[in-house]
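Note that the chains are named A, B, C and D in the order they appear, and that numbering of residues resets to 1 at the start of each chain.
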Amino acid sequence: MKDLRVGLIGCGFMGRTHSNAHRRLNNFFKLGHRSVLKAICDTNAAKASAFAETWGYERVETDWRKLMEAGDIDLVDICVPNFAHKEIAIAAAKAGKMVICEKPLALNVAEAREMVDAVEAAGVPNLVMFNYRRVPAITLARQLIDKGRIGRPFHFRAVFLQDWTISADVPQGGDALWRLDVKAAGSGVTGDLLAHNIDCALYLNGPITRVVARTETFVKERVHQLTGKVEPVGIDDACIFIAEFANGSLGVFESTRYARGHKALKTFEINGADGSLAFNLEEMEYLDYFQYAGSDSDTRGWRRIHVTNSEHPYMDKYWVPGLVIGYEHSFLNTLADFVAGIESGSPAQPNFRTALQTQKVCEAVLQSAKTGQWTETGVEL
Amino acid sequence: MKDLRVGLIGCGFMGRTHSNAHRRLNNFFKLGHRSVLKAICDTNAAKASAFAETWGYERVETDWRKLMEAGDIDLVDICVPNFAHKEIAIAAAKAGKMVICEKPLALNVAEAREMVDAVEAAGVPNLVMFNYRRVPAITLARQLIDKGRIGRPFHFRAVFLQDWTISADVPQGGDALWRLDVKAAGSGVTGDLLAHNIDCALYLNGPITRVVARTETFVKERVHQLTGKVEPVGIDDACIFIAEFANGSLGVFESTRYARGHKALKTFEINGADGSLAFNLEEMEYLDYFQYAGSDSDTRGWRRIHVTNSEHPYMDKYWVPGLVIGYEHSFLNTLADFVAGIESGSPAQPNFRTALQTQKVCEAVLQSAKTGQWTETGVEL
Amino acid sequence: MKDLRVGLIGCGFMGRTHSNAHRRLNNFFKLGHRSVLKAICDTNAAKASAFAETWGYERVETDWRKLMEAGDIDLVDICVPNFAHKEIAIAAAKAGKMVICEKPLALNVAEAREMVDAVEAAGVPNLVMFNYRRVPAITLARQLIDKGRIGRPFHFRAVFLQDWTISADVPQGGDALWRLDVKAAGSGVTGDLLAHNIDCALYLNGPITRVVARTETFVKERVHQLTGKVEPVGIDDACIFIAEFANGSLGVFESTRYARGHKALKTFEINGADGSLAFNLEEMEYLDYFQYAGSDSDTRGWRRIHVTNSEHPYMDKYWVPGLVIGYEHSFLNTLADFVAGIESGSPAQPNFRTALQTQKVCEAVLQSAKTGQWTETGVEL
Amino acid sequence: MKDLRVGLIGCGFMGRTHSNAHRRLNNFFKLGHRSVLKAICDTNAAKASAFAETWGYERVETDWRKLMEAGDIDLVDICVPNFAHKEIAIAAAKAGKMVICEKPLALNVAEAREMVDAVEAAGVPNLVMFNYRRVPAITLARQLIDKGRIGRPFHFRAVFLQDWTISADVPQGGDALWRLDVKAAGSGVTGDLLAHNIDCALYLNGPITRVVARTETFVKERVHQLTGKVEPVGIDDACIFIAEFANGSLGVFESTRYARGHKALKTFEINGADGSLAFNLEEMEYLDYFQYAGSDSDTRGWRRIHVTNSEHPYMDKYWVPGLVIGYEHSFLNTLADFVAGIESGSPAQPNFRTALQTQKVCEAVLQSAKTGQWTETGVEL
């Protein structure tokens, strides 16, 4: 059993989800490595100390560069706001560290390319935390597609709906609200939420080649927490786009933080000639499946698969059939696959290069929203 | 095309549902008979006249005995409160008329036996309007059971939940509220609601042999509309019973008019070794089916069959796949089968004899509720 | 009580739904007019005769022009394929008949304008049968919006998904399949299905000003039933569009006949600052409502309103709470409102002029799909 | 920060759920104690060692008596089969250790009384792990009831349905299957599953005073894993009972391991004059609530509360609104409350005395199933 010595940067929400995954890894997965929480880093020292206490990190840093120089760190786990991903990831790669980076990979395609180049030049294992691929129901969807259960695909549709920024009184920027600050986040729902849906789409239905998009910013000005002043809002509050997939199917995507009544309604549905699949994150224990080919006409129906059997992806690691796991386990499953990938030499996906494709789609979407034109994504086919 | 000349008695809610079935019969079903609305009868002449105008009856009667003597009536359709079923049905049989009778057949088993004897002695076609058997989803359930899709049955459970009598201000007795008057209705939820569930149970899972029951009357006194006085309430507001079926499976039934939030939650679920089926009247377009035998372990799930395909029972008579029919069509389907049964010589069920079995179970349930003891139903096996 | 003497043209699926509405009108609605089925017209004489027998029409015509000349016809009800709407409607208007026309109003905006001009010049009552406005749940949605329950609207999304043309063996054209023949139908899912969604959107959320659209024809050639030859398919099998509403909200619409597992999944959801509403035709007895304003934070949730109470639109006309009506009743409710509108002088909507707005949106959608550009709809604001 | 030094006995499924709770306690809850995994005990040394490695226990024991003598154990956590609860718990109490015991408390009421006496005599903190009380949705149900939201209760109904023992080839007894061995388990579904439902019922609706029950053993003989022989099955495969609550409401409970299609369908529904509440463990993120009092008649409906807001019980400890937690967190929440109870001096429930009431109901149920008679539970009122 080898130690996998982790240095994690960023004590926000994602810092917690990643720390939890590291802490629980060896309770549930049989691996050749043990996750060891060596160092936590945050510019806010008090926050970092409290975080270290809560999660059991051995030491605290306030300058992430220290982690790069440290001899006792094998893996750098990047949980800071998007604007800082590039610099840290490239430094980590140059220091020969493995890198896990929160999504989206970067602020834009240009940054993302540099990051891909850096990890590939350094030859270090790398992963972007598009955690939803490892929700068991979504992994099962992919397995069923691979088995040919849906046949020729015609349609893919996905939404990611929230409602937490409807009030004009919500400020932008700063600690918990950097996602509303375009400088820190790069974009609004496109990079934050649609990036997840695009990653799932690529995973389940292959490359997206062209898009036409419309974005909207419903609240035009908000107080900025860092300046204390009312400032223009630079992010997209909502984004809708139509997509062409390389396989000839059509896609439609929508995300917003103004859909009253939805907190994390991340869905997809894929329709093929032989069957269809649908998912909803708010009840993530289910995968809905309509089997056409090979079914009797009088008993066809959407079936709700309660994805908690030991045959289902990852579920043999947890409890017994019928008992659900939650959101956080998607991070744990991803981390386990990352470590298994290091051990097997068959890297887990999405690595930086794969996540670059999602970045390209996001950028084309934002570009199309500006020009009003259909826009090529330029993804690798 | 022969005329089937109808004399219908009772202008209440059931008078409307039966009249609607007669009026629409030949718009949807190809039969050798045409339903002709000859006479409507109600003791309230004004009500009967208005009803005749609305539904197109040719004439009005206020004494049901006139229908027995009439030469132009082939079928007597009984839609009056329960207490009057027996006398009318027996008279109709003696007059050689076909008889359709609203459920429950009678106030009690003794009455029901007399009625069975009368129609059998007269040799007239007879039917009790347990309409729910012909909700397409329920008929489909029976077809699937007949095909062996659920295998050895272990469990049957059913509820019929309403909430319209919670207020102590609801009076009992009289026109629309005779169901709360024990003299008119014979019992409360047992005869009104559980009779439906029991009929479905017999239809889907065979005879019930023994029961133990508990009834409750939550509101002990109500104003009686006929007397204007506060009188004790004689009906059961709620009834729960455990049942043994002849096939070795266990049943549990519950009905109440005190289940806040439910207006007509009539359900059943049957669990067998090879599959399960479930239904809910409030969304009657669905049958839920869990296929175990012959299914793959990773894609098993409850499937919602949207029972609107042309392959589904009765649905080829109506619109196109995906478009739902409603409550009233269960009466229409039943009437069509009754007429087809006359024509084919293979009578539609449940006839009076079959409905007598349901009456026996109801009586055993009420008896058990009084004694607290397990009680034999005495049904035919 | 006056007679409303009906001449109906077209014995297909819509001929049945309209005939059923006429037949049942006076059983359920108290009106000053009685619907009288005077004449049925179809170019196929045998089909028309059988139809007359089934539905009780007094006479049969094979040339619709006869109805225009007839002195005993008050209302012309047009149930023929789209291509023939214009000529018949204009002739009827000129003959001073009231006109009910199946949707979509016409093949295109130019035709629709002519029809509007004709009925307005003649001053005859006119209606386009966008029946779904009178599904009780949808009417209730409108009532709640009118009461201010959703507040400032941000999003409207709607789909209409079917799966009946996936097989390349389905032919186009002819009796039941004219919807696949571009000459008869004008377009594919846009005019057939999205027209319904657009009408609902206008009803609930006001005018659509700009759109960008993408259509697809998945099966490029099909046997034509009239010629017996394989011919190119001219219709859109699928259509997706993004919309801007005049009120500042964003819309997204999708329709296809290639969504395996959906037979008539017509939905909408509208999100406002103070609440949201959602509907699904496959379970049309429900309206889903999320109340934000005025609700407690710990018990907020999407509520499923079982739209079967007597307080709910139209439901006092039918049975008792909890018992559902079906698809066909939306036609009946619409017809009742049309007749009531004649009597009150306050015409029911959507009349031809209102339906012209939907036609404009459809045309802009099809235009945008060709050019790839955002396209103005030119609707009246 | 004090250490809470844990000695846990039993390396089965429950050993895992409790260990996980201890491991994660201080990651999510701010408490004055830190859970320290001192010793794991199992008669199977190899199993215990592997378990210690996985979960991080400091040492391994194979005789639970060692824990009683150990000076470094503050809390004994009992995760062994039911038959061994009593001896261990009493020894722990006598040794002055705090005790957490898996449910059901004991094989029968007599044992349970001895255990209550022991912990009360010793004055040690004690808890029975009826974990479902701390599913956030169930805790929220209790809060709403306490606020008077459902008013006078009329009905309580609950099921716990599984399907894992339908095959006659499943053996009984031994490691993972001791729940099928009456000597190890005391009873079948009554003690295993209904005990959970009864505990929830007592928590939400108060004492149960009388019951009438029916049990069934569908498979009469199974191979016993310890003897290798076919032996009679002594447990109840299924159990249904009707209950009277002290508050005048009626209850009905059903549990079985023969309900094909259900893996852990643990539900309850409670109906009161002013509202109703319903829950289903298979989608435990929801609480369904029907508000009657204070709601508008046209928008009443069952609302699905997605119990993931920070206002909801325990949810401020985890992620952000919309993101679900799972089964295991109910153990964690319970442990946190137990520790908080030690610190505050206000003990968490259900302690042994409270769990004794559930044991009494179970015993009355099993007794009634034998005699066929209504049976008093003798619970404290």
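The rule is short, and it goes like this: a contact is a pair of C-beta atoms (placed from the backbone, for glycine too) under 8 Å apart; a residue touches a chain by one contact, two chains touch by 3 or more.
From a predicted model like this one, the values you see are computed outputs, not experimental measurements.
Trainee: Consider the two chain pairs A-B and A-D; indicate the one with the greater count of contacting C-beta pairs.
Mentor: More C-beta contacts join the chains of A-D.
Trainee: Farthest chain from subunit B, comparing Cα centres?
Mentor: Result for the farthest chain: A.
Trainee: How many angstrom lie between the CA centroids of subunit A and subunit D, rounded to a whole number?
Mentor: About 36 Å separates the centre of subunit A from that of subunit D.
Trainee: Distance from the CA centroid of subunit B to that of subunit D, rounded to the nearest Å?
Mentor: Centres of subunit B and subunit D (C-alpha means) sit 41 Å apart.
Trainee: Just how far, in Å, is the C-alpha centre of subunit B from the one of subunit A?
Mentor: From the centre of subunit A to the centre of subunit B is 54 Å.
Trainee: I need the residues of subunit A touching at least two other chains; which ones are they?
Mentor: If we look for residues of subunit A contacting two or more partner chains, we find 262, 286, 300, 302, 306, 309.
Trainee: What residues of subunit A sit close enough to touch subunit B in their complex?
Mentor: Where subunit A meets subunit B, its residues are 140, 143-144, 149, 286-289, 291, 297-306, 309, 311-312.
Trainee: Which subunit C residues qualify as touching subunit A in the complex?
Mentor: Residues 150, 154-155, 157, 159, 161, 163, 166, 212-214, 216, 218, 238, 240-242, 244, 250, 252, 254, 256, 258-262, 271-276, 290, 292, 300, 302, 372-374.
Trainee: What residues of subunit B sit close enough to touch subunit C in their complex?
Mentor: Residues 13, 16-17, 19-20, 23-24, 26-27, 54-55, 162, 164, 262-265, 281-286, 306, 308-309, 318-329.
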